[in-house]
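Labels A, B and C are assigned to the chains in the order they are written; within every chain, residues are numbered from 1.
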Amino acid sequence: MSSDTHLHIENISKKFNTVDALRDVDLRIERGSFVCLLGPSGCGKTTLLRIIAGFETATKGRLILDGQDISQQPPHKRGFGMVFQSLALFPHMSVARNIGYGLKLRGVKGAAQRDRIEELLEVIQLPHIADRPVSALSGGQRQRVAIARALAIQPPLFLLDEPLSALDAKLRDNMQIELRQLQQKFGVTTVLVTHDQHEAMMLADELVVLKDGAVRQSAAPSQVYNQPADSFVADFLGAANLIDVGAIKGGTVDLFGTAVSTPAPHMDGDLMLAAVRAEHLVLAPAAAAGTAAPIGAVSFMRDLGPATEFVVTIQGKDLRVRRSNADAQGLDVGSQVALTFDPAQVSLFKAA
Amino acid sequence: MSIQLTRSKALAFSLPALIAILPFLGACFFIFRFSISGEPSRIEGFSIQPYLDLMTPYFGRSVWLTLRLAFIATLLAMVMAVPLAFLLTNLRSRFARRSLTIVILLPLILNLLVQAYGWILLLGPSGVLNSTLRSLGIIERPIFLLFNETGVLLGLVQTSLPLAVFPIVSSVRGISREHLEAASSLGASHWRTFFDVTVPLLRPGLFGAASIVFAFNASAFAIPLLLGGRRVQMMGIAIRDMISPLFNWSGAAAAGMILIFVTLIVLLFSAWLARMTSEKVEH
Amino acid sequence: MRVDLLPSEGGGTYRFVIILLAICGILISSLPVIVVTIMSFSAADNTGFPPEALSLRWYGEVIAMFTTEDANSAQSVVDSTLTSLLVAIVVMVISTGVCIPLAYALARGDTRIRGGMELLFTLPLVFPLVILGIAFLLIAESLRLDIGIWRIVIPHVALVLPFVLRNCLSAMSGISIEVEEAAVSLGASPLRAIWDVVIPMMKAGILAGLIFALIISFNEFTITFFMYTVDVSTLPIWMYSRTVSSLDPSTLALSVFIIVADVVLIVLVDKLIAGRASLF
């Protein structure tokens, strides 16, 4: 696997007064990849993006773009295209002048500028709105104009700060697909900040999960999902059940009567947490299962359309379970169910 | 290097304005220096005599009168400015908005002498109001609405209305209709919504506007002169009297300093009050 | 039932009171003007109101004032008017020119300093005009320089600063820093971003400031009264010297003229500057 590091975020730390916003963040971003910075509010993801853009300066560490240290470069010299959370379209300029602003600053004028603007309008599928004032655009249209404006300058890096958070659900879903396609078409190295894990899963080649200013995991989305590095990551993505399983012995713990082991080195006696995803738990009516399987009762059941969501109370714990509608046949609130799972799909973490 | 304002940039941006206000500050300093001058008609030596000379009952009455009238005029101006601001922001037609804006600005435009003349024609002893009331048999002798405190109040309110309306308009723009609808949905009548929602939301803007209007009214000179007869001795008049015919410039300067000082106290107090009432969470 | 600050219908006593008070405000502002305008059409000299007969004779006299030279008056009305205009324009340009960067610095800068600076620039409103007039006069005399029109421009600028600054500040409050950052991210230097983005977005506030500066300077009397000279005098001073002797309706006609001139100037400034951000 070739590794062409475009941007190296080298041991970046950021302190605001006494608050550590970022702690020793080290990431290598591959050329042409789509990186999502994901995490809860306050995790430092926006601060990191703004440091990359140049609107904040790191307290420690460097930014290295294609081998050059750009840490001291002012933001208007970096040439990174950026889409802001509020979009920040210039209200006194038409669509064309907004998109053309960066071009104008680079001396691209007249016919050359017009052609480029038209090209971009075609790409974002809004060919006829060049002269409209931005106030006359719908939310989705403004979105796309903001993207076109940032890409017009052919930036080496494309930065987005929660750009889709203001859109309604349906529009957001569509825009996610379009954004991914746009990025693939232009091949531009992209860093996007979001708190929405579904969005991150949709868009990212590389998913970086942050909490309290530190990187918890940085890997392909499927790996982050299926092999979470710690209990926070496991919990943050998807619906995972975190269960206390007591002390580990000989690399194995007991989860509802089944032995679960982990290759990771743990000292005997370490208290552990087991994480198992809602869709990895299997339910069957209690009567049908064997005596070995643990038995619980359904306390909540809801048909969500594509799947059925359950809460099953078993041995005093409430577990989230997600099954297909077919599997849910015959079950109802109050039903006694037997719970089974594949131990390979369980992740084990040391309890914090 | 974020694009946050650096110290040097902030200074560079502020410098032209600071230079522009320098002559004014010079004049202020001049006044102050004059007020502690040893001689009444020129600057020489140091003395607090000018201040001591002012400690007369006459001057005390003038100070009290000034504060009282300025306060009442401010109150009246605010009571009318708020509805005017509501009206201005609610008008649909551009023409109506333009016209109302110009009407509100009129007192600043029209020459004070002429305005006083207009009031005299309307409310003077032989003016429209008195003649009409006389001919309707409602009164026997004319009501004296001018050349007394009422006349002065009228003039003060009139000239400070434009000062009050426009800042309030900016504040009003910040109130979204949803705030009002939320109150209404919870059962608040129009009046309730006004007192419980609108006024608290407007409060900072109201205090700001009231402060400026108060300061403006306290320093009034032409209005008490033209509409007060010889009876309404606001501080502006007292100061003028000290200058001519008395040529007691240091006394005038001292009186001016006292006026400024008192006004500043009121301004600071109202700013403090505004902060206090906005921070307090109502339980 | 519509719920609004001023409900368009069904507002009960609330609506009634608000409209009543607004009408009072309108009356207070406009009654003298209406009366004076009507009187200016009066055919007779200075009798009571309402006038018995109407005529345009006073307007005729005003026009004559502008077109003929009056050997008696030291300053012709034309000169005074031109000086007033010139002063007003210079004051408008200077005050807006200094307040725009100041408003930016205050809006984006340290909030602790902002309070103090706002207070500083509100001071001209607080000071009694009479005192200021004398102080400025004494300073001007002690300088022994002939600074011509600046005698009047400098005090006027100080007077209008509070208004212009307040309007620029409220314009700044609606401009988020993200718009500047967007321009910078596209390659504009921070100063360029201010020029291309912030100032155009401030247009409405700047315009309001300009109009206030215009009106206040053009019609200012008290301080100008201390500062004028034989060579440099304004229209309000000219009017005052005429009315000291008598208040004949030609002064009223001139006042109406001035009102119309002010309105024309306001609309002109609005058209020139505002574009889509028109105050009207």
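Operating definition for what follows: a residue touches a chain if its C-beta (ideal position, glycine included) is under 8 Å from a C-beta of that chain, and two chains touch if they have at least 3 such contacts.
Bear in mind that the values here come from a model prediction, so they are computed numbers and not experimental data.
Between subunit B and subunit C, the least number of touch steps comes to 1. Counting C-beta pairs in contact, the chain pair with the highest total is B-C.
Annotation: 16 Å between the Cα-based centres of subunit B and subunit C. Centroid to centroid, with C-alpha atoms defining each point, subunit A and subunit C lie 56 Å apart. Counting partners per residue, subunit A has 55, 74-75 as the residues that reach two or more other chains. Looking at subunit B, one finds that residues 3 touch two or more other chains. Shown for subunit C are the residues that touch two or more other chains, namely 181, 184, 190, 193.
Contacts from subunit A toward subunit C in the complex involve residues 53, 55, 74-76, 79-82, 84-86, 88-92, 101-102, 105-106, 149-150, 153, 159.
Within the complex, the subunit C residues that touch subunit B are 3-8, 11-15, 17-22, 24-26, 28-33, 35-36, 39, 48-50, 94-95, 97-99, 101-102, 104-106, 108-110, 117, 119-132, 134-136, 138-139, 154-155, 157-158, 161-162, 165-166, 170, 177, 180-181, 184, 190, 193, 208, 215-216, 219, 221-222, 236, 239-240, 243, 247, 251-252, 255, 258-259, 262-263, 266, 279-280. On the subunit C side of its complex with subunit A, the touching residues are 176, 178-179, 181-190, 192-193, 196-197, 200-201, 203, 276. Put simply, subunit B touches subunit C in their complex at residues 3-5, 9-10, 12-14, 16-17, 19-21, 23-24, 26-28, 30-31, 34, 79-84, 86-87, 89-90, 94, 97-98, 100-115, 117-119, 121-122, 126-128, 131, 154, 157-158, 161-162, 165-167, 170, 172, 175, 177, 180-181, 184, 189-191, 193-194, 198, 212, 215-216, 218-219, 221-222, 235-236, 239-240, 243, 249, 252-253, 256, 259-260, 263-264, 267.
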